[in-house]
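Paired with subunit B in one complex and with subunit C in the other, subunit A is shared by the two complexes that follow.
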Partner chain A sequence: MLLNVRDLKTYFPGRKQYLFSKPEQIKAIDGVTISIEEGETLGLVGESGSGKSTLGKAIVNLVTKTGGTVTFKDFTDEKRWSNSGKIQMIFQDPLASLNPRMTVGNAISEVLKYHRIVPKYKIMLRVKALFRMVELSPDLIFNYPHQFSGGQRQRIGIARALAVNPELIICDEVVSALDVSVQAQIINLLKRLQVDQGIAYLFISHDLAVVRQIAHRIAVLYCGRIVEIGRTDEIISSPMHPYTQALFSVASESNSGSMSMISTEVANPANPPDGCHFHPRCPIANNSGNFIEACASIDPDLNEKSGGRMVACHQI
Partner chain B sequence: MKQIILLQVSGLKTHIITNGKSLPIVDDVSFDMNKGETVGLVGESGCGKSMTALSLIGLQKPAKIIGGKVIFNGTDLVSLDKKSIREYRGKKIAMIFQEPMTSLNPVMSCGKQILEAVKMQGELNGAHAKQRVIELLNLVKYPDPKMGYKSYPHELSGGMRQRVMIAMALAGKPDLLIADEPTTALDVTVQAEIVNLLKKIQQQLGMAILFITHDIGLIKQVSDKIMVMYAGQIIEEGPTEIILKSPLHPYTKALLACLPRIDEKMEILPSIPGNVPTPDNYPSGCRFHPRCSIAVEGCSVDEPEFVEVSDSRKVRCPYVHHSVA
Partner chain C sequence: MNHFLQNQWSASLQQLKQDKGAMVGLSLVLLLLFIGFFAPWLAPMDPYVQILEYQKKPAGFKGNILVFSGNPNIQGDNFVAIQSFKTLEDSIHYVDLLDRTFTAHIHELSGENETDWHKTPRFWLGTDNFGRDILSRIIFGARISLKVGFIASTISLMLGVLLGVLSGYYGRWVDTLVMRFTDIMFGFPALLFLIGITAAFEPSLTVVFFAIGFVSWPSMARVVRGQVLSVKKQEYILAARVLGLPDWRIIVRHILPNCLAPIIVAYTMGIAGAIMAEASLSFIGLGAQPPTPSWGAMINYGKDFLRVAPWMSVYPGLAIALTVLGFNLLGDGLRDALDPKMKQEFR
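On to the complex of A and B.
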């Protein structure tokens, strides 16, 4: 087991109702338990606002955790592994994460210097090697970020993440801003790196078709909770949770023509519905305004159904 | 059914002038649109699809239209001055954009903003105009129009904001709606709703829609005809189903092949090598030749013509013609 996330919670302070009252809590992540094996890709999908990015950030301590534990390999002390650089994160917009006044070669060598990965005289060699790894010409290391196209910038982002020999990379919507023709190049690159170096990914994306191509397992997040988790082909061929079913039917029917829909009112994490967060939109629990009682009052647990497949639903 | 031509664009050229160089953003674009028809304009970012749309209604600034005609209902919009084009823009031709939040005024209630658009038409006033706003909100299936009238943009979800934008665009009962990536910023579930809504409204009002998107999967559900753009030029045009089933141009073929599919997993995704060229260094000859799988020596020299290969189907590549029966 590479990464083990247990009952992770991240609450943000929300609006105050009165001047001196306690602020309400926005439960961005509300008790998430996931694990990632070595060399595995876990796809994390959900609508916007479901907490996908917050979960990624909470794992690398970019946002403070309210509760729960994250353990990485056999490190017990969280501070030690979070400084080791063994978990890296790549974001959607690489231009925003690169310093515009620094050549890309320098940007990467900074990482090498900070973590003392290679002796000083070998830094440039290593930077060039990293460029080759992501299929960029090593001659480009003296260029500035603005001189690259979107796809090339994302490659630089990947090269920088690779600089510290990570074992897990959290990819937060890394291909969402790219054109389809370039998107496929980046996915292929990520897959090849996984085969070559055994890197595990937590692949966060709203695009189910992309996740399908790269993930071994998929976790579906709704309003800060995992509603279903399981092997990619199983989830795609037979989604069990009504939310997963709806999500995938919209995605696949965009390939065939007609569309069936659930209501689009996404639950508000500041004031989530009681019981199962999904019940107001759920086609099973909602019988024209009358809800099944268990769904509307009791939190469903994430139960194992068969061979690693977990679903949080009373009706299955 | 007889088709009445609504919009005729011929040889449209829009250039941006920087550092004394004139860069072709839209290069010789020609197409026709019939009344009530939906035409999809697809292409990757930077290919000039948005600039084409903006040029139609005179919003291309700081770029300049240096040639071509945009004939809408018999009038050439390019030749009109600032004042007279406003008779069309926002009235007969309306436009909605990708990110509704940037197009809406954050300190004005949604109802007031739609009211402004209604009053702009110069037909209704006072209570009648207000009534019309409620009608429009009903038309775009806003759940509670009276509440919607009072709410501010930040209080709404992305889908609701886009509905407000659509309501505003419909205020002038347009003959042509230009929808520039209207669903790109939305979740898949919401996206489906907005697309269905646009289709329904189109049937009710009989307007034509120019649907601009980078998402080929989406275009299938909306448009009768598609045009594929690459590097400022339209490279393939034809009925949607036929193009998606049997694309002719190597770019269209490659683009369709590299769409990730949800129903099958591929070990290595097909991709197009290289990057989309920028206007300041378009390759000579065919602009796609450096990335093309069937390019021959002549491709880097001769600029391919946009030729009709079969009924209502045009392609900009001389090497695919013989493959059409």
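On to the complex of A and C.
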């Protein structure tokens, strides 16, 4: 087991209703348990506001955790690995994720220098090798980020992440800002790197079509909780949770309308509905305004249905 | 966005060139720098030399003086204002301003040739109550103003950037501490604070440098903090943190280079403020001490003679006004050029 996330919680302080009242808590991540094997890709899908990005950031300590533990390769002590760069992150906006005042070569060599990954005289060679690894010409290392195209910038972001020889890369909507043709190139690059170097990915995306191309397993996040997790082919062929079904019906046009959500309003993580967070939108729990008792009052647990497939729903 | 980033600095420079106000400001600043650097060569007279016969002469007054070589151990040459003179072999006869005739030996005069010991200087901006040339004093005063402007702003820059970065980057209690402290500093009238600090020490320009620096850092700290707050949310900062780079490196290599534009603007404006503050302090006698030719002090000497010799105060006042105007125009232009968002919002 490479990464083990147990009961992770991240709450943000929200608005204060009165001057001296306690601020309400926005439960961005509310008890998520996932694990990633070496060399595996876990796809993380959900609507915007479901907490996908927050989960990724909490794993690499970019946001503070309210509770839960993250274990990386049997190291429970986070300080042991959190500064080593063994978990890397690639971001959505490839331009914003590169310092505009630094040549891209410098941005990468800085990391090599600081972590003393290669001896000084080999730094340039290593930077060029990393560029080749992401299929960029090594002649470009003296250019600034604005001189590249979106796809090239994302490749540079990947090269920078690779500089520290990571074992897990968290890809936060890495292809959402790119053209479809470039998306495919980046996905193929990531796949090839996984085969060559055995890197595991946590692939965060709202785009199911992209996730199914790269993920071995898919986890569906709704309102800070995992509602379904399982092998990609199983989830795609037979989504079990009504939310997953709705997501897929939205994604595939051929199936449009056959299984849709009651409302498009995403649950508010500051004040989530009682019981199953999804029940106000759920076509099963909701029968013309009358909710099924259990769905509206009892929090469903994530139960294993069959070999690794887990669903949090009372009705399945 | 892309186009802006492509030539961020050169596009800003281009815009600065088209800004007439900024160019006027830049010219004034460059002129002042030139005057300050070459003051000894530009000034027609020694700013400290007193010709007591020529007190409070108006602008454009033409003098007629003999230069006697005084005792070099005590002071330099003696200047004697005359009406006329005659040389007879080894002696010189001259009539002073009180119609008295004197005779002196030619060796008592300074230098060999007549041009060395007989001078008819033009006092372009008049003289003060000690008979000193106001133009020369203003030219040398530029050095003091520039020194105060740059040194005090640099002190405030260093304090402001350090505290602003700490406050913005670390947030939480550090931020609260620093920002409440700047609030307190803003609560005090700045001049009162300056008077308090300078009055506590022996008056000198060094004290003035540090006093102004210490009083003016809070505005710099606020500017830097705000900028750091916006830059540190950028994804390249998050990426640097995930890469395990230490805080100081993230601050120095990634945050500060992206905060430069507002810092440059605040620094330029700060120079104008510091020059103004030094003039104020010198005016009330807590800054440069006599006979140092500080502009503020010159206005102070002149204020007692405003009715009879207004030029004593007016010309140094004009020098201050032009200098401050120059730096402020330049600062305004820099802000418009470096931060196009601000321009759209406020114009």
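One rule holds for everything that comes next: the second predicted complex is superposed on the first by the 307 of 316 C-alpha atoms of A that agree within 3 Å, B and C clash if a C-alpha of one lies under 4 Å from a C-alpha of the other, contacts with A are read in each partner's own complex, and residues count from 1 in each chain.
Basically, a residue touches a chain if its C-beta (ideal position, glycine included) is under 8 Å from a C-beta of that chain, and two chains touch if they have at least 3 such contacts.
In this text, all values refer to a predicted model and were calculated from it rather than measured experimentally.
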{"item": "Fit or clash between subunit C and subunit B when superposed on subunit A", "value": "fit"}
{"item": "Contacts of A:D301 with subunit B and subunit C, given as first, second, both or neither", "value": "neither"}
{"item": "Vertex subunit A; arms to subunit B and subunit C (CA centroids, nearest 10 degrees)", "value": "80"}
{"item": "Partner chain in contact with A:V266 - subunit B first, subunit C second, else both or neither", "value": "first"}
{"item": "Subunit B versus subunit C as contact partner of A:Q213, first or second or both or neither", "value": "first"}
{"item": "Residues of subunit A touched, compared between subunit B and subunit C (which is higher)", "value": "B"}
{"item": "First (subunit B), second (subunit C), both or neither touched by A:R101", "value": "second"}
{"item": "First, second, both or neither for A:E293, with subunit B first and subunit C second", "value": "neither"}
{"item": "Which superposed partner A:E38 touches (first subunit B, second subunit C, both, neither)", "value": "neither"}
{"item": "Three-chain overlay, closest Cα atoms of subunit B and subunit C, distance in Å", "value": "10"}
{"item": "Sites on subunit A touched by subunit B in the complex", "value": "47-48, 149-152, 179-185, 187-188, 191, 206-210, 212-213, 232-233, 236, 246-248, 250-252, 254-255, 257, 259, 261-262, 264-266"}
{"item": "Complex interface listing, subunit C residues touching subunit A", "value": "2, 5-6, 8, 234-236, 238-246, 249, 253-254, 257-258"}
{"item": "List of subunit B residues in touch with subunit A within their complex", "value": "44-45, 157-159, 187-193, 195-196, 214, 216-218, 220-221, 254-255, 258-263, 265-273, 275-276, 278"}
{"item": "Touching residues on subunit A, where the partner in the complex is subunit C", "value": "57, 60, 62, 82-85, 87-89, 91-93, 96-102, 110-111, 114-115, 146-147, 157, 160-161, 163-164"}
